[in-house]
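Pasting the structures here.
The same chain A turns up in both complexes below, where it pairs with chain B and then with chain C.
Let's turn to the complex of A and B:
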C-alpha cells in the first residue's frame, strides 16, 4: 500500500521499475506456457469407437450335466420342482455348499401373480429355500423389469417371496450396468448388462413362465435373459430371433426352470386377464435351455418352425430342439 | 431454558419433521416409505390452502380441517415456530448478518413500507379464488325480483340529487356523475359476464408450504438422491426443475438482503396470519418502564415489527428475540397493549385494496381468454388418473408436487405453460422421462393429493372393474401411431414393442400382418436346386435375410407360395427346407423377397392412455406412438368416439 501511494506521489524508482517489469515478464511467460500446454489445434475428432471395458458372463453350466431334462405334470409347483430336481439328482447336484447362486426371474410387469405374467413367487421361494438348504452361501434374485422396478417386485410378489425365503433382492440400479459384447454377436455389442449382481456368483438359475409373445412367438427361458440388458434394448425387436439367440449365447446357466403350470396363451407377454391363461400343469427343469424352450412351445400349441430363435440357438450349439433325444424324465404329482 | 432456545428446538423439530415427511413420500413398503406417514400434514395445517379451497369449492377436504387448529391455536406461532420455510429463512438470515455490527442489524431489521406488498398479494390470490363464488352471488342477486328496478331507481335518484347540486358545486358534482357512470358500467359488465367469472387457485404459487414441498420434493431430494442413491432405483427427474429451484434459491438468498425477506415482503400465508393476529389474546408489547433506547430488541427482530416503538402486531412472527434480549425486562408477552403503542392492522390504502381486489377477480377471466380451458385445450396436457375436469382441477390444485413425489414411475411432472399461466407447476404426465408409463395397479397420486384435485379413486374405479364395470376404465388419453415414424409403418422394419407392452387385456394395440416386398427385392432366378435358389440382381447382405422375418414369394399360373428364408449369400437364397417349393421354380422366373410386418393399430375403445407404449417405443427421440389427451375420462368434451 505504501509503495503505491508513494509511486503516486513521485513516480517509479529504478528498483521498483525492474521489479515490476520482472513480474510482468513472468506473468506473460506463465500465461504463454499455459496457453501452449492447453493449445489444441485440431479440435475434437469423431466419437471414440473404443467404448468401455467389456465384461462377459462366465459359463455357469456344470460339466457332465449337459442335456438333462425333467418334465413333471401337476398343478402343485412346489411338489413338482422337488420331484423334478430329485429326478435329476437333487438340488445338491447343482448347488454345492458355499455356492453363490443368482436366480434370474421374470419380473417384467407390475401385475399380480395370479395373472402369470411373471415368475411365480411360491415357486421362487421354494427354489431359494432349496438352494439355501443345499448349503448355498447366498442367493441373489434379480431382473431389470420393463415396468417400474419397485412396483414390479412389489406387485408380482417376487420381492416378498425372495426376501422371506432368505434371498437378496437386487434392484437394477443405474450403477449396476457394465458394457458387454457377445462373442460372435452382431447385435449385443458394447451394450449395458446388469452385471453387478453376477459378481462373485458361481451358479445361475433361469426361471420363467411360458407366455405368448406376438413378435417372437413365445417368451420362455431364452427370451427371459432380455431382462439382463439395460439401455434402450427395445431396438433389438427389429431382429428378435437373432437377439434371443445371442442372449442364449451370453448366458450359459447352471439350470433352468420353465413354469408351464399356467400358460399365457393369448395377449402376451403382458396378459392382464385370467381368460388369457390356460392350466397346462407342466413344470420343466433342465440344463438345456434350448430343449426347455422347445418343449415349452408345445404347451403354447406352437411348432418349433414357428419359433426361429429355437432353431438359431440350436445351430449355435447351445442345445437341442429335439428334446425327446435327451430322454426326458417324465413324472407327475398329485 | 430461555424462550428463544425453546423456539429454536421447535423450529428444528418441525423442519426435521417436514424433511422426514418429504423423504417418506417414497412409494414402497419399507418403514421409511409411504406407509401411512401423514406426509400431507404441513399442507393440511396451512390455512391459506384451506381458505383458498373453501373459496373455490365451498368445501373443506379431508385433512384440511387441521388448518382450523393452526388458525385458532397457533396463529403467528406458525411463522416463528413451525413453518419449515420460515426456519430456513431465519437460518440463512442469521448467517447473513453474523459478525456484523449492531447498526447493520438495526438497519436490515427495521420496518420497510413495502412489507405491505404481501397483504396485496394475499388479497389478489384470494380474489382470484373467489370468482365462482362471486358469480354465484351475482346470479342469485340477478334472480331476485326487484333487484334491478331498485338499483336503477337508486341510480336515478342519486343522479337527480347530484344534478340539482350541479349549479352550486360544479366540479364535485361532475366527479360524482362520472363515478356513477363508471359504477353503472362496471355493474353492467359484471352482470353480463358472470359466465366468464371463474375461480383459480393460485395461492400455491407463493404459499410457503406448497412452495417448500415442491422445492424439496422435486429439486432437493432428486439432487441429494443422485449421490446417495437410496430413495429410488434410478435417477429421478423433474421437468423445469431450474425454475422451481431458482425460485427456492432466490427466496433463500434474499435473506442476505434482509432477513426473512420472503416472510416480510412476499408470504401470503404470513399475511393471512398477520391479518388475523389482531384478534390474538397475547401479544408482544412494552411495559411502561424506562427504556434506554439501546436498540437490541429492534436489531434482533425477525418480523421487523419494531418492538421498541409502536409495535406492529401484524408483522410480529413471535420469534421472542426481543423478549429474551431486553436487559431491562421491558418486553412482555401478555394481554395488555404495549405501553409504547401498537399497530394491529396492515397499512393498505383503500385505493390499493379495491384495485387489487378487482384485478384479482378480473385476472382469471383474462387468463382464460387463452382458451386453455375451452376450445384451445392442450392435447399434451395429460393429467394423472382421477384428475378432475380442467376448471375444477385448477380450482383445487395447489402445485405442491406431492403427486409427483409419490409417483413410482416418475412420470408426473410440473407443467410449464402447457396449461396456461394458471396451470404453472400443476401435474402433467411425461411418458418419456420416467421408468414406465402409468402403472395400471397404482393409485398413489390419487390418494396423496391433499386437495382432491386428483380424486381418491379406488383400483376398481381406475380399472373399470366390479361396480365400475359399466363405466369402464379411467382413460388418461389415447395413443396415436405416427405412421411417419413407426418402424413397421414407415421403414418396413419389424418391431411392435408397443403391442408387446400394452398392459390392457385384450390389448388396445393390435397388429395387422402385411407382407411387403423389400427394396430391390424383385429378383430373377438364375438357377434352382431344391430349396436353394440362385438369383441375379443387387448383391444381398449375406445372412441379412436370415432373421426369421423375411420370406420368398413366388407364383405362377397354378398359385402363389411364400416361404421363410433360412439363409442367404450375396446371390443365393435358401428357403425353409421343410417345404419343398411346389410347384418348383425354374431359372428365368421372378421371385420377390418380402418382409413380414406386424403393423400396430390402436383400438380407441380399449386404449386407456397409460403411456407404457410411448415409454417403450424404440424411436426414442420423438416417439412413434404418443399419447394425447383425446378421449380422456375427466372431460367428456374431449371424447373421441361415438
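Let's turn to the complex of A and C:
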C-alpha cells in the first residue's frame, strides 16, 4: 500500500484542512500576482510601420580605418574578395571575435542571378563565411525588396547562399520598421526605417552590384541603402540624388563591397537581358562608400559629374570622390 | 496525528514546483524577446505589395504557355500607382509614356525548376507609346525575332511590340529561345485583331546612312527641353561619322514653327551661340553649343533637325537631306 493511500485512509481534521486550503490559496494568489507583475499589458502592439519613437542608426565605421580602398581585377569573385580584404589587413581588421554583423544586400528584384540585378550569391556566401571564420557571433543578411521578399530572396539565390553559409536571413516585416529622421535631411524625415535587424548589431557591410539606373544614372553602394526604407519610398525618385545623399548620411558602414565583376551597363536597374551586361572584372572593397561609388562610375563609363549624388555625398563630408587620393591598393587575380 | 507527506512526496512536490518556476522563467524570458515575425502574419514592409484584387477577367497569361511549361507564381497586376513596386526606378520611363497596366507572371519548365521565364505584358494605351518604351530600351546588336518589325531577341529574352502592348519574356537562363518564341507567337495570335500602329514618322527619315534599328521615340523632356515631346530620334553614320536626327509631328504648322523657335531659345539660354548658314531651308536655325552643332527647322506640321553633331558640315548635310525627304513626302 502506498503512502498516499494510507494517508487518505487516515482522513484530514478541520485544522489541517483549513491550513492546507490557506496554503493552496496563498500559492494560487502568489502565482497570479507574479503572473500579473510579469504580464505586459500592452503587448507588442499591432504591427506598426514606423513605430512611435524616432530611431537612428549608430556609426558602424571603425575609427582609424577611414579612406581604405582596394581594387581587384579578375572574374573570380571569391578570390577577389579574399585578395581585397587581405590587402586591407584581412577580414579580422573589420570583424572581431563576438561581433554581430549585418550585411545589407541588394535583393530588390525577383530575378535570376545571371541578370546581375541583385547581389551575387556566391560573393555573399563567401563574405558570410569569412565573417564567421573571423569569429563573428552572428551574421544577419537583410533587405527590403520592392518585390515580394520571399520571391526575391529565393529566386536571386541570396536566400540559399546566406543560409548555407551560416547567416540568418531576416525578411522585412511590419514590426521591424521604426521612424527615423536623417540629421539635416529634408526628405527622410519621420520615415519608416528597417531597424529591427540592426538591433544588437555592431558591424555593417554594404554589398551591391554596379548597375545603370534609369533615374539616378547608377545604382551602387549608396543607392543600395534605399532598400532600408519602407513606406511609399518611390516618391523620393523625384529627388533621387538628394535622397541617395541622405541615405549615405543615414548609414555609416564598417565596410562596403562593390561588385563590378559584371556591370549592368544599360536598362537598369532591372535589366532583363544578358546583353545589358558587360564583364568588367573588378571588385571594390572600401571603408569609403563615396570613393567606392566614384570608382564604380568609371565601370559604367560615366564621370562623377554624371552622377550628382556622389558630389552631394562628398559635400556632406561622407567620403571623397577623388578615389585616387586614397592611394587604392590595386591587385589582380588570375 | 502526523500527516506530513513521505520523503518521496516532498521531492516530487519540489520537482513540480521547480518545473513550474522554470516554465515561468521561460515564459518571462521569451516574452522579453518577442519576435513579431514568428507570431504575426503581416504584409512585408508595411505595404500591400500587389493589388488586393486582380481585375475580373484579367488575362492570366496562362493561355500563352507552350507545352511543357506550367505556372510558377500567381498573376501580378500593377497600375500607375504601384508600378515602381515591380520595376523600381524604371517605372518613370513607362509612366511618362502613357502606361496603363502591367500583367506579369512566372512560368516554369516541367521537371526543370531552374528553367523559368517571366512574362511582362505592358498595356501602354496606344501603339506609339508601346513603341516608345520598346525603342528606349532596345539593345544593340540583337537578332530579329521574326515577329514583325518591332521584335527582337537576345540569348535569354524576347522583346516586342504588338498593338498597344509592349511585351518582355525573360528567361532564367540561356537556351530557352524556343519557349520564349512560342509564348510570344501565342500572344500575337491571341491578340490577332490588334495590329501595330503605323508610325508614319519612321518614313520621314531619309534612308541613306540611317541605322535602321536605332530609331527611338522619346515621349517627354526630349534633349532636356520640357516642351519637346513625342519625338523620333535616329542615328546616322555619314562617311563613318555619327550624326543624330530628330522629327516631331505637331498639331499644326504654327505649333511646329513656334516650337522650333522655342528650342533655339532654350539652347541659347544654356550658352549656345547662333551660327549663320546658307542652307536652302526656310527658317533654319543653327546653334553651336559645347563644341557641337544643333540644327532645327519646321516643315508643315513637322519640327525636325540634327542634334549635337561634332562636325558642322555633317550636321548641315543631314539637315538638308532631312528637309529634302520631308519635301518629297509632302508632295
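Criterion: the second predicted complex is superposed on the first by the 283 of 334 C-alpha atoms of A that agree within 3 Å, B and C clash if a C-alpha of one lies under 4 Å from a C-alpha of the other, contacts with A are read in each partner's own complex, and residues count from 1 in each chain.
Everything that follows uses one rule, which is that a residue touches a chain if its C-beta (ideal position, glycine included) is under 8 Å from a C-beta of that chain, and two chains touch if they have at least 3 such contacts.
The structure displayed is predicted, hence computed values, not measured ones.
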Where does A:323 make contact in the superposed view: on chain B (first), on chain C (second), on both, or on neither? neither
Between chain B (first) and chain C (second), which, if any, makes contact with A:239: first, second, both or neither? first
Go through the superposed model and pick first if A:305 touches only chain B, second if only chain C, both, or neither. first
What is the contact status of A:295 with respect to chain B (first) and chain C (second): first, second, both, or neither? neither
Which superposed partner A:177 touches (first chain B, second chain C, both, neither): second
Looking at the overlay, what does A:191 touch: chain B (first), chain C (second), both, or neither? neither
Between chain B and chain C, pick out the one touching the greater number of residues of chain A. C
Just checking: does A:12 make contact with chain B only, chain C only, both, or neither of them? Give me first, second, both or neither. second
According to the stated criteria, A:60 is in contact with first (chain B), second (chain C), both, or neither; which is it? neither
Determine, under the contact definition given at the top, whether A:230 touches first (chain B), second (chain C), both, or neither. second
Interface residues of chain A shared by chain B and chain C, listed 109-112, 146-149, 151, 155, 171-175, 213-215, 232, 234, 237, 240, 266-267, 269-270, 272-273, 275-276
For the complex, give me every residue of chain A touching chain C. 3-4, 7, 10, 12-13, 16, 31, 34-35, 38, 40, 44, 47, 49-50, 108-112, 114-115, 144, 146-149, 151, 155, 170-177, 192, 194, 213-216, 219, 230-232, 234, 237, 240, 266-270, 272-276
Residues of chain A that touch chain B when the two form their complex: 109-112, 146-151, 154-155, 171-175, 213-215, 232, 234-235, 237-242, 266-267, 269-273, 275-276, 305, 308-309, 312
Using the touch definition up top, name the residues of chain B that touch chain A in the complex. 27-29, 229, 232-235, 408-409, 434-436, 439-442, 487, 493-497, 499-507, 511, 547-549, 564, 576, 578, 598, 612, 616-618, 620
Per the contact definition, I'd like the list of chain C residues that touch chain A in the complex. 1, 3, 5-6, 8-9, 20, 24, 27-28, 31, 34, 36-37, 40, 42-47, 49-50, 73, 84-93, 106, 116, 118, 137, 139-142, 154-157, 159, 168, 170, 172-174
